[in-house]
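Okay, so subunit A shows up in both of these, paired with subunit B first and subunit C after.
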Partner chain A sequence: MANTHAQTIRAFIVGRHPQAELTDDQDIFSLGFINSLFAMELVMFIEKEFGVSLPNDELRIDNFRTVSSMAELVERRLAGAVSA
Partner chain B sequence: MTTALPTLDRSAVRSFVDAHVVPEADRWDRAGAIPEEFLARLTEAGLWAPFLPPEVGGAGLDMRGLGAVHEEIGRGCSSVRSLLTVHTMVSWAVQRWGSDAQRERWLPDLAAGRVLGAFCLSEPGAGSDAVGITTTATAHGGGWLLSGVKKWITNGARADLFLVFARNGSGISAFLVPRTAPGVRVEPIHDMLGTRASMLAEVAFDEVLLGPDALVGPSGFASGMVLSGVLDLGRYSVAAGSVGIVQACLDASAGYAAQRTVGGAPLSELQLIRAKLSDMVTDVRAARLLCEEAGRLKDAGDSATIMATWVAKYFASTAAARHATEAVQIHGALGCAPGSPTARFYRDAKVMEIIEGSSEIQRITIADEAFRQDYGRTPEDQR
Partner chain C sequence: MSVIGVVGAGVMGVGVAQNLAQCGYDVVLVDKDEETLDAARATITRNCRMSALMGGPALDADEILARITTAVGVGALAKASTVIENVTENWEIKQRVHREIDEVCAPDTVVIVNTSAIPITRVASLSSRPAQTVGVHFMNPVPAKPVVELIPGVHTSQETVQRTRDLLTGMGKKAVEVKDSAGFVSNRVLMLTVNEAAYLVHEGVATAEQVDEVFRGCFGHPMGPLETADLIGVDTILYSVEVLYEHYADSKYRPCPLLKQMTDAGLHGRKSGRGFYTYDG
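This part shows the complex of A and B:
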């Protein structure tokens, strides 16, 4: 599942930056992709695409550093929603 | 007389505006303030923050509906719409980013209009370039110490609760500051070019001591998102209000052209006048559709709303300025006369090109769209 999530998230980021090449483990902050507008688009995208909510305490830089870490965040929120 | 609205749809708000705003707007403009009596009418009509959920006293109005409300209010008086805009920004920030305790503490009062909010970002040395702000919030005894000066604060002279953006370490965070907090000083600003009744002020914070519950939203890298989100909603409201200005210019110009004659012929038959009116008719519809698209994407939680809102605000505000100029031209000396609504639209429309991201910032930012995949297509087209 996390693999599919990662693909979806990567496609969203690359759609915004078509010239870039991006692996799942590259730090998107070091690539200069992130400003506060894009961060907001990213959070809105994840919430809508995966039907999860991201509370303030999940909006930590480490959760958004790579495509993989975002995919893991989605997995965790989906699991939390089921068990809650 | 009761002014409670049966519903918050466009036609109910249109009637409210025609009855209570249009006849008074020029008097408010000259007085430089919206009277308390009318603020109470807005409260009674439920127009301060109707998008808040019913649990806290809102009407659960969706964003498309909110855009229609702000367009209708903006058609009557941009100063009143400005008050709604900043109150909306504060209310939404608490609703979207606030803790449970902050929501409980503030949302019922914000929904009911018992507490009026103002948005504090601009400073003497920083406007659309938010990175330049120098107001600071430093950790202090478990809470915060806030210091700095905010300028051009819409409703600053009247609001009860300020949403203040301050530098907090390397990021910019949002803080809720009651007007009554010791160290808050409000200095009204009079005689602005436009939106003259929006009760602007300079608000100074002199070592204002805040509790830990003053911080709104996440800290760290995501803190800038609060500002982005709040500005996005403000931009949406200004876009809708700008559509209202174009509509008002169209209504006034068509009405005047139909009754005024020049050299024996009605103004409405002159080709150059007809050309101006045609452009107003076209642009008001285009601007309204752009706002509706932005609103629909907001309601869907679609991140494409951010760019759609930039585009809507850029188009609607520049259209308002363009057509307000033409509306004055069509009215001639009458358009320049004291108390002329057209002159007010002209002055207010200019302000729309400056606030919530100047036209220059819009033109720099919207270009990002050109470098995206499927640029120029609406999100629906891409699926």
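This part shows the complex of A and C:
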């Protein structure tokens, strides 16, 4: 599942940065993709697309640094929602 | 600590109010209706959530909102030691609001005009205390931008400048003091750049993407001028260029017809979903 999540998240980012060639492990902060508006769009996209809520303590750079880390965050939140 | 009045709960006013509250000041934020003030509180909550993700401090929205009182109308400014006015860059509106501020505020209140284009001396001419009127051009997003332009008008006193500097220091800002001149430093250069970039698209010399790629790639700018225009608002860019054109009567500030057409067509950039680029959601 994480793999599918990663594809969806990558497609969203590449949709906003069509010139980018982005792998799942590249740091999107160091690539300069992230400004405050895009970060907010990304959080809103993840919450809406995957039906998860992201509490404040999960809104950390480490969770959003790469496509993989975002996919893992989604997995974790989905698992938490099921077990809760 | 005394209360700081913030007038206008748009993008800039909300940023100023949040920045002040983050730095421990008590704030009274006023606008013309409750809906705008409700939206302002929601924006501050969202901004606080996003802060840590953007490399800023982790912020507790409840704690920050607890320092901000909101009120409809300027009456609540009577108790403020300093008022920061952030209404839209429209001379008619600025005039009306500054006359109201002048009537309601205590005699020793410092009135800060947050503007990117309108001369401070012109605003001070509306006030019964021009010595206490001073300009500060805050940048957006306010809490994240460490430098501002500080602009004394012709009659602004040294005491007012010092009180303003102290407040800015308390907000974590460095002030670059420049003389009063429509557009100051930042927008005399930036608006010309964006206007000329729009001409390049208008004349078919380059696409918006190409213009922005040149600025990002060649100069290392994080955003190109037309992405910046979409962020600021194409309509706001047009109004700012028009202010400069009117003030200096210099043809170098002639507004690009494409900016006018886009403004008329509602293509105002990110806030309307489409400008030089298209945005989802």
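In this section, the second predicted complex is superposed on the first by the 84 of 84 C-alpha atoms of A that agree within 3 Å, B and C clash if a C-alpha of one lies under 4 Å from a C-alpha of the other, contacts with A are read in each partner's own complex, and residues count from 1 in each chain.
The criterion applied here is as follows: a contact is a pair of C-beta atoms (placed from the backbone, for glycine too) under 8 Å apart; a residue touches a chain by one contact, two chains touch by 3 or more.
Given the structure is predicted, the values throughout are model-derived calculations rather than measurements.
*Asks:* Once chain A of both complexes is superposed, is A:A39 in touch with subunit B (first), subunit C (second), both, or neither?
*Replies:* It touches subunit B and subunit C both.
*Asks:* Regarding the shared-chain residue A:L59, is it in contact with subunit B (first), subunit C (second), both, or neither?
*Replies:* A:L59 sits against subunit B and subunit C alike.
*Asks:* Can A:E47 be said to touch subunit B (first), subunit C (second), both, or neither?
*Replies:* In the superposed model, A:E47 contacts subunit B only, not subunit C.
*Asks:* Applying the document's definition of touching, compare subunit B and subunit C: which contacts more of subunit A?
*Replies:* Of subunit B and subunit C, more residues of subunit A lie in contact with B.
*Asks:* Do subunit B and subunit C land on any of the same subunit A residues, and which?
*Replies:* 19, 34-37, 39-41, 43-45, 56, 59-61, 64
*Asks:* Can you list the subunit C residues touching subunit A in their complex?
*Replies:* 46, 49-50, 52-55, 58, 141, 144, 213, 222-223, 231, 270, 281
*Asks:* Subunit C touches which residues of subunit A in the complex?
*Replies:* 19, 32, 34-37, 39-41, 43-45, 56, 59-61, 64
*Asks:* Under the touch definition given earlier, write down the residues of subunit A that touch subunit B in their complex.
*Replies:* Contact set of subunit A toward subunit B: 14-19, 29, 34-37, 39-45, 47-48, 56-57, 59-61, 64.
*Asks:* Give every residue of subunit B touching subunit A within the complex, in rising order.
*Replies:* Going by the criterion above, the answer is residues 97, 99, 217-218, 220-222, 224-225, 227-229, 232, 300-303, 305-306, 365, 371-374.
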